[in-house]
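Common to both upcoming complexes is chain A, partnered first by chain B, then by chain C.
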Partner chain A sequence: MILEVKNLCVSVRTKKGLHPLVSDVTFNLEKNHCLGILGESGSGKSLTCKAVMGLLDANFHLEGEVLFHGKNILTMFEKEKSLIRGKEICMVIQNPMTAFNPLFSMENQLLETLQTHLHVKNKKELLRLILEAFEKMNLHEGEAILKKYPHQLSGGMLQRMMIALCIALNPSVIIADEPTTAIDVVNQVEVIRELKKVRELYQTSMLFISHDLSILSQISDTMMVMHQGKIVESGRAQEIIFSPKEAPTKELISTRLKLIEAFQRCVKECSC
Partner chain B sequence: MLEAKGIVKGYHESQGLFKKRHKAVLKGVSLHVKRGECVGLIGESGSGKSTLGKIILGIEKADEGTISFEGKSDKRAYEKEMSVVFQDYTSSINPRFRIKEVIAEALGKSIACAKEKRAYILSLLEEVGLNETFLERYAHELSGGQLQRVCIARAIATKPKFILLDEAVSSLDVSVQLQILELLKALKEKHNLSYLFITHDVMCVTYLCDRVIFFKEGECVESVDKIEDLKHISHPYSKSLLGAVEALEIPNFC
Partner chain C sequence: MRNYVLKRLLFTLPMMLAISFIAFVIISFIPSDPAEVALRVNEIIPTHEAVASMRESLGLNDPFLVRYVNWLYDCLRLDFGSSYINHNRLVFDEILRSLPATLKLALFSFILVIVVSFPIGILSAVFKDSITDKVARVFMFLFTAIPNYWLGLILMWFFAIHFNLLPTSGATSFVHYILPAITLSMTYVSTYIRLIRNSMLENMQENYLFYARVRGISEVVIVLKHLFTNSLQSTMNALGMSFVQLIAGTFVIENIFAIPGIGRLCISAIFNRDYPIIQAYILMMGLLFVFCNLFIDIIQTYLDPKQRRSM
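Coming up: the complex of A and B.
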């Protein structure tokens, strides 16, 4: 077992006392396993991930345990956490446009991150590594892109660069928070395929958050549905998609179907 | 109503230390949006959709080509009639403002009475599925999708004639997405609004838009005038796009 989350509760400190945001979240992540998290907007998906990464500040009150190889991340010192972050657990954060520092060129940031986590000093070697990852993400002209600053790149490009960085770091757990929101469908297919390949090659575990059912159904083995800070349903991906039991899940799935129907009316050719 | 003609835009790209190269992002794009119409713009990531949006809004200057809005080409004349939801929603909101101030700022001085203003802001938030508790919060205390909805509320607050929506529903879950799409549809009918809807989600386009334009490498490669005609597309890019959608979505649900 790589990651075990036990009864995780997150609450925020307000003037009126503690206000619960995420309560009693429990899940396990094994090697070479992908857990998809589905849930409506504001249901606590990002907070759960941030808590697992140990990224929440003193404004939040945390309870429960997050065990990484048996060690509790929540009680670790900052220094210990930073050793795990990046090298062992890597996160693709939700908004690609704020992920990078606007003051530095992409080359600067990416190489520095790789350098600190991989302990490779040779710049050429690192450059090769990152360009290779770019190519996998369908990002061509990698050298020109590296010279740019974040504001000179499109949302989808930044998002793919973040995934590329994640792949280059080769961690044992990848946490991806809505990693495909800014990418067009053709590239989405590409990205998903690449992530699957990474899993096969390195047995990476993944925590994959998305509101997009179709993407989740493509990549995850098991799924978990969140609603108002709680897990309402979890189980095998197939089962949840085809026979949802709880009301929130049913609603998410039936609305998606409604959109798909509108689409199919336009493209009747589909033989379904 | 809105017309863009032959828009060309390029950036200088540095190669090595001093050498620079000109890279064309938009290569002569023309499009028009009629009153009460919703035009969808679908395209590859990095193909210049957001850049086109910024040029239409007058945030960036085109190298060539003209933009006109209801016959006027002076930016100041039509600025007030347009509003926008940026793709980059986090940085388009001032982090030091509370949510109510974010929307109040867009409203300006149009509503004098403070009570009335608050009620109006609240009604906007409710329309996008948020409630009273959000009024006093700061941007960093909201989830991605909630913040995106605040941006949508801000965009419709001034009752503009034209709204540019750049990936405006991308971080929303389907049920909220549908709610927003319905809201946009209703507003369109009520106020005869026009939208330019930039997205990569073909599903949303088919749900909301009257016309679709496929965009690749800075050019319009194909446009579909009637959404029902989507099946007759011929360009290889648009075909591969729809193919990918079907591959991704449909087998899992049938």
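Coming up: the complex of A and C.
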């Protein structure tokens, strides 16, 4: 078992006391396994990820355990966490357009990340790693892209670069927080396909978050549905899609049904 | 890039013209007659004939615009006339002679402002509401409120008279500048602590900082490279202005510490009604503002990748 989350509760400290945002979340992630988290906006998906990365600051109160290879991330010292975060657990975050510092080139920021985690200090070697990862993500003319600044690239490109960064670092877990919201349907299909490829190549475990059922159904093995900070349903992806039991799931599915049809029609068009 | 600079330079021309006009008009509207003043300061009794001949020699009988154009033409040749007090002394030489002391003082203060306010600002933003932050806020409050001539006198009494560590006046060596520079910079230090602190707090929620943490970048790099540089962008403009203000704001300090700088030159010119010097001073400070502003604008545009391309 790579990642075990046990009874994770996140609450925010307010003037009136603790306000619960995520309660009693439990899940496991095995090697080469993809767990999808489905949930409407504000259901606590991103917060769960942030807690798993050990990135919630003192404003939040945390309970439960997040075990990475058996060690609790929540009680680790910053130094221990820094060995895991960004190296063993990589994350693709929401809102790619604002994810990079506008003042530095992509090359600068990607190199900076690799230099932090890899022992290779040779710049050429690291650049080669990045360019290889770019190729895997279907980002061509990588050298030209590297010279660019974030505002010169599209959301989809930036999202792919985040994924490429994950590939270059070869982590044990990739957390993808809505990696398809910033891009159009055609690109979504491609990104999903590329992420699947990464899993096949490296056998990386994946935590895939979305509020879009059709996307989740493409990539995840098991799935859980979050609603107002709680897990309302979990199980094999196919089962949940075809026989949802809880009301929030049913609602999510019925509102997405029409979209799925349109989406699948599009997938067919793309693949032929 | 070169086109951009040239274009910006071209746009400063009307501004410079306006400044020169204002400098000229202000002096022309001073109620006392320059001719009479010029006579009085040289202890000549201003009889009608004397005034009339003085007006003639100073060219005061020409129409206003003619006088302005003549003056402007002289200014362009760096000829600002000669002092009323001592006709042998050219205004330009006077200014050139007193400029180095002021520049040294301003530069020293400017460095002091940066060296002191940046680290404190960064620390008090990063450790918001900590002891450091609270002390910095009290300090900020105090030094914004304390008038700098008072601070100057206190410092002088304490370090120069009581402990006899530093000289009270003069500008012959580096140590002479220590007290005046501290005095001059304190107000700015507190301003910049506040600016840096607020700007950093504003940027702290930015998504790129979150992603930098996700990428596992160390906190020191995040604060100094990603947060600070972005916060500096918005303080840069103020910094450019402050440098000019430091040069222009040395009046009081130069007088307290007896530094033979441009502020002192101007004060004595005001007391002596030495109009050409005052006029040249106003013109010079105005132009300095324009050019510093331009310079900072260009640097800022250059440093911002979004704007650099459109240059």
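Simple rule for what comes next: the second predicted complex is superposed on the first by the 257 of 272 C-alpha atoms of A that agree within 3 Å, B and C clash if a C-alpha of one lies under 4 Å from a C-alpha of the other, contacts with A are read in each partner's own complex, and residues count from 1 in each chain.
In this section, a contact is a pair of C-beta atoms (placed from the backbone, for glycine too) under 8 Å apart; a residue touches a chain by one contact, two chains touch by 3 or more.
Please read all numbers here as calculations on a predicted model, not as lab measurements.
Once chain A of one complex is fitted onto chain A of the other, the partner contacts of A:Asn95 extend to both chain B and chain C. Applying the stated contact rule after C-alpha superposition, one finds that A:Ser214 touches chain B and leaves chain C untouched.
Chain A is touched at more residues by one of its partners, and among chain B and chain C that partner is B.
Once chain A of one complex is fitted onto chain A of the other, the partner contacts of A:Thr255 are limited to chain B, with no touch recorded for chain C.
With both structures placed on the common chain, the touch criterion links A:Arg85 to chain C but leaves chain B unconnected.
Look at A:His227: by the touch rule set out above, it reaches neither chain B nor chain C. When both complexes are overlaid on chain A, the residue A:His117 reaches chain C alone and has no touch with chain B. In the overlay built on the shared chain, the residue A:Met53 is in contact with chain C alone; chain B does not reach it. After overlaying the two complexes on the shared chain, residue contacts for A:His33 are found with neither chain B nor chain C.
95, 98, 152 are the residues of chain A that lie in the contact sets of both chain B and chain C, per the superposition on chain A.
The residues of chain C lying in touch with chain A in their complex are 206-208, 210-219, 221, 225-226, 229-230, 233, 303-306, 309. Residue ranges on chain A touching chain B, taken from their complex, read 12, 39-42, 45-47, 94-95, 97-98, 143-144, 147-148, 152-157, 160, 178, 181-189, 211, 213-215, 217-218, 241, 251-252, 255-260, 262-270, 272. Residues of chain B that touch chain A in their complex: 11, 13-15, 23, 42-46, 49-50, 87-91, 141-146, 149, 167, 170-178, 200-204, 206-207, 227-228, 230-231, 240-242, 244-250, 252-254.
Chain A meets chain C in the complex at residues 53, 55, 78, 82, 85-87, 90-91, 93, 95, 98-105, 112-113, 116-117, 149, 151-152, 162, 165.
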